[in-house]
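A, B and C label the chains in the order they appear, each numbered from 1.
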Amino acid sequence: MARYILRRLLLALPALFGLVILTFVLSRVIPGDPAATLAGDGATPALIAEIRAQYGLDRPILEQAWIHLRQVLTGDFGRSIFSGRPVSEEIAQRLPATLELTFAALFLATVLGVPLGLVAALNHNGPIDHLVRLLSVGGLAVASFWLAIMLQLVFSMDLDVLPLRGRVDVALGPPPRVTGFLLIDTLVAGRPDMFVDALRHLALPAVTLALPGLATIARFTRSGVLETLQKDFVLYARAAGYGRVRLAAIYVLRNAVTLVVTQVGLLFGALISGAVAVEAIFDWPGLGTYAVQAILSADYKALLAVTLVVGVVYAVVNVAVDVAQALIDPRVAEEAK
Amino acid sequence: MSVPVLEVRGLGVRLRTEAGLADILDDVALTVPRGGTVGVVGESGCGKSTLLRAILGILPRGAEPPRGAILFEGRDILADGAASARGRIGFVPQDPYLSLNPVFRAGDQILEIMRRHAKGPRAGHRARILDLFRAVQLPDPEAALRKYPHQFSGGQRQRLLIAAALACEPSLVVADEPTTALDVTTQREILALLRGLVAERGLSLLFVTHDFGVLANVCEEVAVLYAGRVIEAGPTREVLDAPRHPYTRMLLACHPDRATDLLGIPGTVPAATAQPSGCRFHPRCPIIRSGCPVEPPALVTLPDGHRVACPWHADPLPEVADG
Amino acid sequence: MTALRLLARDPVAFLGLLIVLFAVIVAAFAPWIAPYPDDAFESHIMQRLRAPSAEFPFGTDNLGRDILSRVILGTRNALAVAVTVVLAAMAIGVPIGLAAGWREGWLSESLMRVTDVFLAVPQLILALALGQLLAPGITAAMVALALTYWPFFARTVFAETRRLRSSLFVDALAGIGASPARILFLHVLPNAAPAVLVRATIGMGFTILTAAILGFLGVGAAPPSPDWGLAVAEARQHLPEAWWFPTFPGLAILLLVLGFNLLGDGLRDAADPRLRRSRR
């Protein structure tokens, strides 16, 4: 299994390497003269030349590419044009918030989506089935930013039962930073009140973000279970006397889940995309708000760094998906040889 | 004489399909005596798989409630619900490649069946499986317990499934063409193994096949199924050596080696949604009489114990023309 | 045509087709259907933020413009953006997929590697980065979306081409001396068309959604465009008083994307008999 994981990681490397090249090309080619951009409007040619030398922009393009690659590999993304702080530091600060949000959404989507898909399949063509089908197509059609605003409107503004924005109540203050995951840090700090508060803040953004995932997972669980139910081994298991519940919930579901797990990998991209808008609306201090801020302030260094980091996270998630599949279905790892 | 292990009486199964109501089984009677081995033979589509599914209580969704009775150990499992017989009827399925779930260890799948149906403490189950693995001659039983289905060959998988069928100490084993998916050499080994285990443990066996050769090898008695009805039954030797029903006679005439699949009688098996009236074989029968399409012939017992559902069974068949 | 007949038999997909047709008609005749067609750019401060009424069925926005009219006018923008983006992405992706699928060698290898690089980042993030670097605006957003969506077409066409290339009829054509170009354009491409069509339909919904996010984030359409995403963004300052302001543009997005998704689903089932069976 270790060798399988290693091989999957190695397979992800070329795409990541390509991504580094792509970000380099984007940063050097598209804005025209980056030195002039950095110097701002009405800068003297002397100032532009100085900046060009300072950033190494006067060197041959291949050498620049090499420097860029070396910097990226050492985690050096330069300084934010907006704040002047190292981009890598700012990203490290914000990444846990985004991961906490996306994992919470993925968790919700899975614990709700799998049973929904299962129940739908077991009531094939019944009313519940049609409802789940509608939900699974409709859930993918909802604009996350719109849903976020609608939920705010109802639960924060109208009913006033859940907080409107942020990760934690300012009056309570954030717990001492250990992992950056508030749900963990509050418990480490021994503050259940803060934990509940963090959970309440997480609720609306996580639900918003979970909906498309819920739709996808319910849909693929449903079709996976329907497909598995046709198999001979299900008939055999019934004849041999497996219990009804066990048959559906474990025996069939495990096969169906292999289909679902692939989708979770693909879903992660959608989750990160959704997170950009959702974070912006809930003032969630993660990578999404960072990206939006970078856009608004034309901070291309920060933006490219976010692109790269998201690419890496995405690749890691997809390797994790492959590994999970190999764990669920022993044939996967062997076929990969 | 003791109560037969299995007695099927007047079993009728109908299936709602897109093409209409399919008459799959009609008035089927069958007895498996204690310690006996009975074969059911017929072409595909004759209803033999449905017969097994009715006995195992896994009729497909569109099935109407079956008519008649299936007495297992003297109790009607159709009326009781088949659950009462679960675990006490061992099942050997047709295709060893498709009958085990690929994502669970083979041993765990058998243990799960035993957890629900086997007698005795759970601790003994593992030891019993290992015994059975040895009995079915699986190499390295300890390792086999931890393997996944795809890590076995087809023959080994069928051995595994035979072990699973015996795991809950059943009194009856039901086998559905358990060797069709295997190559000829393996087929022979598996059949010998099954026959040996059944004899050795004093079990009863109901064996479904389309292959007369296999039948002759395994079963003492046979019932021939055509279009959902038993048309001939009796001791295997009797039926094979002196078939009475025109259908059986033609089949065996086509295949004197008795080892080939049932093929090539003029016409086709009728669709289950449009069964012929009267005797269901009449559209293909060479000795058809005016009464045949009207009245379904009863299964009559002849003096030698051979039973046949054709009043004209003594008439000679016309010469079968070649081509 | 068989696909159309199958579609008619699948009520859910048919509903999708109806929604899409409805949107196309609304877009085509928007200036004539909208009660206040001038509200695309005019403002009427005196009647700002009116609740829905007989006069303004969806209410008015922060500049006193009729929201129903702007939703109708916005249909045009949404469809125009989506069609342009999907066609541009097809124009890039389909030839690349064909070229990479037809030949084996370093060229096709590197083409598919480049495709993988683009697929290695969530589309929105890449579109944001591109859109920003190209200077924000609706044109830049469309270019960015097309530049990030083509890999999906390349993948689809690549897979179809590889499958068809190894099939018997292509061998037969090569055997009777058909040129590769002829085989590709007259035989392979038409066979790949259903897969491309399905991809394009789903891409329409996806693009409308992503373009709306870009508009919402201020990287896409700029005021006074009646863009739906932009409208939802503008509405945020007027909550919770003007609930109708974000609600109706958002519902419009939902309906149109739903239409394309339902249609795409139905087309996929119709194009793939194996899936049709599992639908049973």
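Quick note on the criterion: a contact is a pair of C-beta atoms (placed from the backbone, for glycine too) under 8 Å apart; a residue touches a chain by one contact, two chains touch by 3 or more.
Predicted model only: the values in this text are computed from it and were never measured.
Using mean Cα coordinates as chain centres, the one most removed from chain A is B. Interface comparison, A-C versus A-B: the higher number of contacting C-beta pairs is recorded for A-C. In whole angstrom, the spacing between the mean C-alpha positions of chain A and chain B is 54. Annotation: 23 Å between the Cα-based centres of chain A and chain C.
Within the complex, the chain A residues that touch chain C are 14-16, 18-19, 21-23, 26-27, 30-31, 133, 137-138, 140-147, 149-150, 152-153, 157-158, 223, 226-227, 268-270, 272-273, 276-277, 280-281, 291-292, 294-296, 298, 300, 303-304, 306-307, 310-311, 314-315.
Across the complex, chain B meets chain A through its residues 53, 56-58, 83, 86-87, 91, 93-95, 98-104, 109, 112-113, 116-117, 148, 150, 164-165, 168.
If you check the complex, the residues on chain A that touch chain B are 231-233, 235-243, 246, 251, 254-255, 258, 328-331, 334.
Residues 12, 113-114, 116-126, 128-134, 136, 205, 209-210, 212-213, 216-219, 229, 232-233, 235-236, 239-240, 243, 246-247, 249-250, 253-255, 257-258, 261-262, 265, 278 of chain C are the ones touching chain A in the complex.
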